[in-house]
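Chain nomenclature is as follows: A, B, C and D, assigned in order of appearance, with residue numbering initiated at 1 for each chain independently.
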Amino acid sequence: MNYQEIITGIFNTVETESFDGQLSSYIPELANVDPNHFGVYLTTTNHFEFGIGSCHKKFSIQSVAKVLSLTLAYKMLGEKIWERLGVEPSGTPFNSLVQLETDKGIPRNPFINAGALVICDILISELKNPKTDFLEFIRETSGISDLNYSERIAASEKSTGFRNIALCNFIKSFGNIKNHPDEVLDFYFHLCSIEMTCEELSKTYLYLANGGHRISDKHQVLNASQTKRVNAIMQTCGFYDESGEFSFKVGLPGKSGIGGGIIAIHPGKYSIAVWSPPLNEKGNSCKGMKFLELLTTKTKSSIF
Amino acid sequence: MNYQEIITGIFNTVETESFDGQLSSYIPELANVDPNHFGVYLTTTNHFEFGIGSCHKKFSIQSVAKVLSLTLAYKMLGEKIWERLGVEPSGTPFNSLVQLETDKGIPRNPFINAGALVICDILISELKNPKTDFLEFIRETSGISDLNYSERIAASEKSTGFRNIALCNFIKSFGNIKNHPDEVLDFYFHLCSIEMTCEELSKTYLYLANGGHRISDKHQVLNASQTKRVNAIMQTCGFYDESGEFSFKVGLPGKSGIGGGIIAIHPGKYSIAVWSPPLNEKGNSCKGMKFLELLTTKTKSSIF
Amino acid sequence: MNYQEIITGIFNTVETESFDGQLSSYIPELANVDPNHFGVYLTTTNHFEFGIGSCHKKFSIQSVAKVLSLTLAYKMLGEKIWERLGVEPSGTPFNSLVQLETDKGIPRNPFINAGALVICDILISELKNPKTDFLEFIRETSGISDLNYSERIAASEKSTGFRNIALCNFIKSFGNIKNHPDEVLDFYFHLCSIEMTCEELSKTYLYLANGGHRISDKHQVLNASQTKRVNAIMQTCGFYDESGEFSFKVGLPGKSGIGGGIIAIHPGKYSIAVWSPPLNEKGNSCKGMKFLELLTTKTKSSIF
Amino acid sequence: MNYQEIITGIFNTVETESFDGQLSSYIPELANVDPNHFGVYLTTTNHFEFGIGSCHKKFSIQSVAKVLSLTLAYKMLGEKIWERLGVEPSGTPFNSLVQLETDKGIPRNPFINAGALVICDILISELKNPKTDFLEFIRETSGISDLNYSERIAASEKSTGFRNIALCNFIKSFGNIKNHPDEVLDFYFHLCSIEMTCEELSKTYLYLANGGHRISDKHQVLNASQTKRVNAIMQTCGFYDESGEFSFKVGLPGKSGIGGGIIAIHPGKYSIAVWSPPLNEKGNSCKGMKFLELLTTKTKSSIF
């Protein structure tokens, strides 16, 4: 498979296409990003890698980071975490409070905001210095020592994140947040503020394509069963209420963020990161979605 | 891979396990089935096949048939069908009316009852003799000439299917059913009444593991892209509000029915049918779910 | 109080005002009504009466009739009817199915369609010849011997009443409809098809302003406590999800219908009927609402 | 009408009846109240007054205070306040977030928590020193100079009021809270912490039975139209999702609080306060509801 040629071809096609996307207005700082950035980076389990466009430019990975917080909580506590949240698609927008009311504070899955907040709460209870320790974990997992939070982005979200403050206090009112909501929210806003390049994203998440092992040295991040399960949750829940559409058109497990980044995994083969800030109305990167759809069509690499 | 040995081992384990399952009480006739039946049949794309237990006993495939009606509608009309229904998981029970009210009569996906009714409506508009022509289609696809509706089961459901009558009329009130609700319901009740053995089920659905081609003679049932998409929808929506759980634990596209049957597909490799009537509270076969979970764990054949 | 002068003044004001109202499109036959009709008729408990405009023209009273079916069921069975439906405002549109799903088939109140269907089901179980006996009851209550169903309107609604068919079958699926849905719907469509003039409406409902007694001869239709309770339900639930607005602006118990009719009751004093076909977006007569608002303001006859 | 005799009789009957009520567990401090307190105080517009039981004991009036905050906001801004909230019953529990999501942050009415928070936000924008000025207003309205907040209760609710924190931030996320949520919540928790005796409650709210005028000196608190409207909202929305039940059984406008207090108004005639801490499952005082039902039955003083 000549990935370089295929990716370059699709990249050029998608770059010139015009979409109706909008920059996220939810976090003020994100509105300052240049909407023309478009980057792609592929890393395969057999040591091929290739990037194009703005693939070396740092951006705010936002909800893509929720895969990493899930990974750490799952690694530390195992199946016990599912006592506090589910693995079902929600069928509602990512920040909906409706289902939580029906489900008495048990979030549907770890990738909607409610579920990610519960995972943050779990990590705060388990880690000695939550923010530092978590950073340590993702630096180890990726082998990239300068990964960091953006205090600017975290502060920007904190100042306008009323919906997430509502969600966290709502879950607390059902007893499914154990720590103080302010502490949970601080960790959550930092988690979402992590900045990576496409290259870094692609390499950090490669363990999910590699049976749970870091590619460099076989270090086990998650065991085989947990890895499959994280991939399965990405497949059914990774794109808010467009998860079915992504499965349908792209056919790979993946996770998007409102910074315009997407990571997609082909189990056993590769991890690919795409970044383009303008979002469709469901909150997913327009160019990112299109690129991946063409990629799996051309390479016949859907898992289905 | 010694499928025969593995399947036999798991079959024996699961057969003796005890579950809290209940026979479906929704259709009176289904309550008369012997709950101790348990059958499995595997067919691979490279011509291996193996069955065990009650694998040659006919049973009511119920919602498993919705994959076949979707297949025919998709084959006839292509992507146009998605103007009338979606591909997103619903996050609600299979017979819920709530989301339909919000979504103005557009069902979330073709596997919840609402979506299957819209697919029936499409087929009625497209086929000259809907019930006969559809039967013809599944006989051709499977190469099994004696597949048939059960008039007894269809009549039994008709006499108590108030929820489905409600759903169909509700969608009609939004204009997304074009034919008379009574006609759509009659077709729907017949569709669900189809009877197959595990062996027949496994062989009929093998095209989904075979890139859309009938295994016997390469006859194309669906094209490659459509096949992947049907598999993707089974993955995200095949098990009502337990679809995430099935993805998580089994990791294969599949579809269940309240008759206790399940079909699961490993793209490129095999299709497997499992049947055991007692259902868990989400409406899926207890033993069937457990069997498939153990199978993909043991054979490492999850797609993730 | 010079009702004649006040009513005439307000009538003239409202008649020339322009509203954005639309004829009901739900029942085809109702769309053929002349939208310029505007009638008012007042009857007091101390034997004054006055009408103006189209007050002697028959129209389809539609949901206004639900007060009469409730009255008969309540008279026959007493408080026992509340085991099958509630007395709470619904907070949702009149034909919503959402709350029914949460509430397991128990309608919120007897004036939303779901509740009226349950009342019809009760009457069918209690009456020997439901349609004939019910007609007999309203003729007796009103003393008007030619009150009748409109077979034309009933048939017209039957042919398009998919939402009500859905509602009835949905409630049946929860077990809260005892008779066959088709029979319940037939009775319901006939109930809604009753035709009256403003004068007839005003006189028929006067018992609600008269402690439950027919004005002509003190015949008791409902006892005092039941009468207050029917008025209370009209106050909180009589105008779909505009019931609060009507209480707020008009301040009288009342009930509207999509034929453009409204009945309002001032307990102890009067009953007044207003009719003008164009409806606001909540399904209530624009001119009718405005007329009653001005009337209670001018006469200071809100109950609050 | 011999109110003294009637009230004494009913009081004695209800006092000895046993109910399944529970003390509110929502605010820790409220759980320390003696559940045996039971007090009643009636004040009529023609200067009769009578109290019995614990009618001179201060208690936390909680949501009953929402009538006073509405009164002040309505008095200051007139009908303009209805741009930011509705007058419809909600059909859902008092602290539900579901409807807010559908209605984009516009609360259904001023008596559910969401609506009361918006009223607090309005008052903060309009008053120079919100907490002091509001206290001044209720002291003036009642003529009772020592009415005050309970800092202890306010602090107790603040420490556990996660649901209200969620509600306030949720509304803020829709833009319908203008000030900082923390400030709005502080004012809200203080508002709910006001303490009064039954006598004080009855006298403070008498303006609602008196056309909007303070009884002592005819000082106008609200104009006649606004007074009727506040009464109408109490009628349809004063008892959470038991408002219909209260209308049905008691037939008076009223408002309850989780401290076990209820105020009821007979327009033109009287205001009556009842207090007994144990609550039914809808959050309304068991003995209070029963007392008022018997009172309006005996005195035939329902408004219907």
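One rule holds for everything that comes next: a residue touches a chain if its C-beta (ideal position, glycine included) is under 8 Å from a C-beta of that chain, and two chains touch if they have at least 3 such contacts.
All figures in this text were calculated on a predicted structure; none of them were measured in a lab.
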If a chain touches chain C and chain D alike, it appears here:
none
Using CA atom averages as chain centres, what separation in Å is found between chain A and chain D?
47
Centroid distance [mean C-alpha coordinates] between chain B and chain A, Å
32
Quick check: how many Å separate the C-alpha centres of chain A and chain C?
55
Residues in chain A with touches to at least two other chains are numbered none
Chain contact graph: line, ring, star, complete or other?
ring
Interface residues, chain A side, partner chain B - complex:
86-92, 99, 108-109, 224-225, 227-229, 231-233, 235-237, 241-245, 247-249, 251, 253, 267, 297, 300, 302-304
List the residues on chain A that touch chain D in their complex, please.
96-98, 101, 162-163, 165-170, 172-173, 181
